[in-house]
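Take a look at the structure set out below.
Labels for the chains are A, B, C, D, E and F, by order of writing; each one numbers its residues from 1.
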Amino acid sequence: MYHHVKKLMYTVRVDEPNPHFGNMLLEQFGGANGELAAAMQYSIQGLNCEDPARKDLLMDIGTEELSHLEVIGTLARLHLQPMKSQAEAAEANPLIAVIGGGGVSLNNSAGNPWTADNLKISGQLEVDLRSNMAAEARAKITYELLINHTDDTGTIEALKFLMTREITHLKAFGAALESMGKDPLEVGDMPVEPEWINLYFNDSTGEGELGSDHSGPWNSGGDWSIVDNPAFDHARER
Amino acid sequence: MYHHVKKLMYTVRVDEPNPHFGNMLLEQFGGANGELAAAMQYSIQGLNCEDPARKDLLMDIGTEELSHLEVIGTLARLHLQPMKSQAEAAEANPLIAVIGGGGVSLNNSAGNPWTADNLKISGQLEVDLRSNMAAEARAKITYELLINHTDDTGTIEALKFLMTREITHLKAFGAALESMGKDPLEVGDMPVEPEWINLYFNDSTGEGELGSDHSGPWNSGGDWSIVDNPAFDHARER
Amino acid sequence: MYHHVKKLMYTVRVDEPNPHFGNMLLEQFGGANGELAAAMQYSIQGLNCEDPARKDLLMDIGTEELSHLEVIGTLARLHLQPMKSQAEAAEANPLIAVIGGGGVSLNNSAGNPWTADNLKISGQLEVDLRSNMAAEARAKITYELLINHTDDTGTIEALKFLMTREITHLKAFGAALESMGKDPLEVGDMPVEPEWINLYFNDSTGEGELGSDHSGPWNSGGDWSIVDNPAFDHARER
Amino acid sequence: MYHHVKKLMYTVRVDEPNPHFGNMLLEQFGGANGELAAAMQYSIQGLNCEDPARKDLLMDIGTEELSHLEVIGTLARLHLQPMKSQAEAAEANPLIAVIGGGGVSLNNSAGNPWTADNLKISGQLEVDLRSNMAAEARAKITYELLINHTDDTGTIEALKFLMTREITHLKAFGAALESMGKDPLEVGDMPVEPEWINLYFNDSTGEGELGSDHSGPWNSGGDWSIVDNPAFDHARER
Amino acid sequence: MYHHVKKLMYTVRVDEPNPHFGNMLLEQFGGANGELAAAMQYSIQGLNCEDPARKDLLMDIGTEELSHLEVIGTLARLHLQPMKSQAEAAEANPLIAVIGGGGVSLNNSAGNPWTADNLKISGQLEVDLRSNMAAEARAKITYELLINHTDDTGTIEALKFLMTREITHLKAFGAALESMGKDPLEVGDMPVEPEWINLYFNDSTGEGELGSDHSGPWNSGGDWSIVDNPAFDHARER
Amino acid sequence: MYHHVKKLMYTVRVDEPNPHFGNMLLEQFGGANGELAAAMQYSIQGLNCEDPARKDLLMDIGTEELSHLEVIGTLARLHLQPMKSQAEAAEANPLIAVIGGGGVSLNNSAGNPWTADNLKISGQLEVDLRSNMAAEARAKITYELLINHTDDTGTIEALKFLMTREITHLKAFGAALESMGKDPLEVGDMPVEPEWINLYFNDSTGEGELGSDHSGPWNSGGDWSIVDNPAFDHARER
């Protein structure tokens, strides 16, 4: 059985609290790409996982994300604190001010409660690792956007730490997927149907600058055959 | 501006309706990894996308997924139809039987309403493509599991068609990501912090079979340094 | 089987983007009375419908609403675009700014995710048509209120187009209901109980201007009998 | 100010409790078309309403629906009671059995919590009345379907009472709308655009039995002009 | 059977409407600790309750809370009214302005729809009474925080009335719990395990000001034994 | 800063897996009164708490509950495992079988996703402690009901451990509240209005066995004055 041991790696410092920015930070506390989502997604995948080595990986990163939840929560709390006394700040976020007494809660920046709908847990290891790589990429870009919205040195430093760790996790999950030795298009056990696999359906079409059809390695070259939308054929026959 | 044109590629046939299986099928109609989720995720990413070639890709696949929504919806409807007359079937899913009059609705197999929380839309193209690759992998495995729960020939044929198309999309999104020429760990523009990027925190630890630490390419070799959980140091000092 | 073919009827033009108004517009993109709700409600009713003529109507209007989703989404995106660079705009809607990268998402103006709870699908044709007439009326008044909050010519023109189409649909659904030849009070097959049908219970009562009882064709004349709240009788006997 | 006074009109009797049917009944207690939804929709519309006569109507019916919530809740509770002792019944609905201790809760038949997303409140009287007429039609057909799933005499009697009252309310709301003297297509104050109002877009088309185009008073005769989907024109030109 | 009779005890007066404050007030109309939550929690507990005396208590207070819903709704409506004409106010809450026509709706201050997830109903009387005491305490502090955000005399008076009643209810529920003659740690019927009941696990530990361990009557004195986190032992052994 | 260290105290053993019971167990994994709810409620209250001693208590118990999440998750996973191969079990819970691949997910026994609406966090210490005491009482009775639905020895033993710890926490939170030295009716700082505090409104009334009025220490004796529902007075005067 597991011992989870986690440590707050980061001593958080906020020089100039900004409740509006504190509200933005809640995205990574109680939001869709936030630290609780990451912690729960990886830990529960790990609980279900039957491959002991990659289970250990999922548990390690899941536990680390839980410690990040504390970092981001502490950071958000420090930024939200003026809400307790500033009327304008309180009006901007009555949910925090009136219901939460000015503290953090597990809501995103729009006040929506965190929901397990944020999690992607499939019980299929190579699928879970792909979901995790995508989740890390989303978390990285979210931290990048947050950093662009603040000038506070202590805050930027903490967010860069958290942002960097997401790429570390992306690297680890990618290595774990690669080490499974699966083909890039191999998911599960059931073979696909050869007659459909290499057809690219040109379903949307248009006119003018945005709408013109384009080709690229995603629909031409290699095995690809482009199929023009059959509805057009039908239309032509009318 | 765009013309979206879509066609139902598949004429659905159900030999022996099974309301319990019809209920399972709702996962791909109104569920988290289902066809509406795919259609909306890609179409809205496409609407926001400023790269015309990959916007066309997002719109093509988004439109195709919308036609799959019709396929799966028709399939589910045919399987659910006995609910109109069979008391036992109706009791098993009163939401469909009583509120929906025995037809399909945008709920998953547990009766939860479809929610836009299912969507991952970041506004950052390489991130969106990763989210889409993961979504396609989840959809593939879901179809595989569904196929394992039915014996109906017409149903299996339709589900294999849909399953195959998910891998086609995985291939296309993968090619689109690769063609952007980004490093596998490159997300957004902001550089990561070198001091943190290659540390693997051994945060969970344990005893016995499941809990032992493991190493693999995700934490050893290459640039990796393993850091044992600092809480242990702290504990040792107590 | 169906071919759904949709076309964006409207080339959207925004002269002066206004992120606050863009946020308001999200109501009709990802909100309760918005275009996705309309598209899904009518298309799924159509999928379930066994009357081929009115099924065609439901599919026609459902498909048109899907094209409106693109119109309103494009309009909202253009209004939200300054969020990418303006701090004040971003603070006002961090969900769009930070998570969505400044693009549209399937949320309403308060940031709530779209949910299938917005849909009214009963499987009973005359009931569905009534739900649709009410939905169109709500959409019309929402567009009217939106138009009252903007001065942008291109925006107003597009919104008036969308608003007008809602009344067109109201007219079509109304004609479809009327052509079924049902009595205005006829819903389903089961007869009502004659002893209860024409009683109007005067359940609320009051004093002063607002609270006084009123009579009108909804409780007097014709077959109506008013029954004073029996709780009073009980009270008098105490 | 208002005095709301309500009375349970109906003494509920259940001869043979059936937990599966009790679960179905929860639809009208905590479900989308249920009695709380009706009570809240009309009462809050009434609270916002500035027309004193129709405000009184909204309050009267809102109050009556609140008393129906008690009737249906009592009925559901009596049917669910065996859950306290029957393992099979408890397994079929653990939410009620384990969390609710066998009593009723404000969930629908699939266990989803009641949500204010069920409500349609627009602040525009003629729109609210249309929403209410549609809501009553949905409630009527739901009761009809419920009655078809039980043989219990006491239960049927109570459900027929409740079903009948929905049609009474439909009649009252219809009379209130008609007495406003508005044209059937008149919603709000803003005029529609004459160039778009009478066009019927033939957006979906198909082949075979279900998919053929149909005409009816909703797209032909009167002022209607049918516009064939312009995407076909585009396709023909390719 | 029950007659619920409720009366608005309070004639609401607003001297200076403030839409931002009106928005805050929605917390007690459609929010987690608000009046609908209280009314529904107590009434449904009452419906399920088999102790006639405490059932009467639950029904009395449930009915009173329903009348408070009217008080707070009227108060919120008066504060929100300027939204109908003021653009800035409307932009601050488009959900109310555009969808609600400027009236109240069953949403909280962040625009989230009211949900039955707010309710705590266990079917076990002593548990329900504890849930109610906690709910009243939360409602009291919410009113206190709301009062701190307004200067309007009429509003303050109404809120103090409502706030006071919450403490009245806390007192009544507390007396009802005490009169059951249960031990403070007695919940349900099943005895606890003596070997585990008096152990206090010192699971979190830290360094510095905030993190140091503390003792108090919750972990020392009486029967308590403190158990230091066993993970440390494990760590020490490594 | 904090070090959270948690350890799974319990090695879980399941003798005879039962997927239906596994589904019930999900209530304490992803349900309203479950272990994640407890862990998050106490930890976030602790994060916001400015009283260092009681902050330590909140963190200790919050961390312990997180370890319980692992215990209950492991237990549920073992009971659900047959779903992977048994068709009947899979049909009974397609959400787990098809989407989750037979593993646990953060949903309750009805398949609803866990939501932060389950949390009660007020930022006011004495209020939070009351919410926690109520939460522990609910968790205790839930475990008791679960134990009544299984015969599996290993399962019963684990559930009794978890059940006992809830009472331990109830005791600790109660001692922490008592040690604050507050009057039982003292919540926050603002005094209540003397004219309203001791009135008991007899708002519901009835006839017959259930509906008769009752008196007890919650409305008679001490300072209480009973006020008969004023609506009756009004009725009598009509």
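Points to keep in mind about this one:
Here is the rule we use: a contact is a pair of C-beta atoms (placed from the backbone, for glycine too) under 8 Å apart; a residue touches a chain by one contact, two chains touch by 3 or more.
As the structure is a prediction and not an experimental result, all values here were calculated from the model.
Taking each chain's centre as the mean of its CA atoms, D is the chain most distant from chain A. Chain centre most remote from that of chain F: C (centre = mean of CA atoms). Across B-C and A-E, it is B-C that has more C-beta pairs touching.
Seen as a C-alpha superposition, chain B sits on chain D after a turn of 120°, to the nearest 5. For the pair chain B and chain F, the distance between C-alpha centroids works out to 33 Å. Averaged C-alpha coordinates put the centre of chain A at 38 Å from the centre of chain D. Put simply, the C-alpha centre of chain A and that of chain B have 14 angstrom between them. Looking at chain D, one finds that residues 1-7, 32, 67, 99, 101, 107, 110-113, 115, 117, 122, 124, 141-142, 205, 207, 231-232, 234-235 touch two or more other chains. Against chain A, the residues of chain B that register as touching in their complex are 1-7, 9, 32, 52-57, 59-64, 67, 115, 117-118, 120, 122, 124, 126-127, 130-131, 133-135, 137-138, 140-142, 144, 147, 160-161, 163-165, 167-168, 170-176, 178-179, 184-185, 187-190, 192-193, 196-219, 229-232, 234.
Taken together, the chain A residues at the contact with chain C in this complex read 20-21, 23-24, 27, 31-33, 108-112, 141-142, 145-146, 149, 231, 234-235. Across the interface of their complex, chain A is touched by residues 1-8, 11, 30, 36, 40, 44, 47-48, 66-67, 70, 73-74, 77, 99-107, 113-117, 119, 121-124 of chain F. On chain E, the positions that touch chain C within their shared complex are 3, 5, 87, 90-91, 93-95, 97-99, 101, 107, 110-113.
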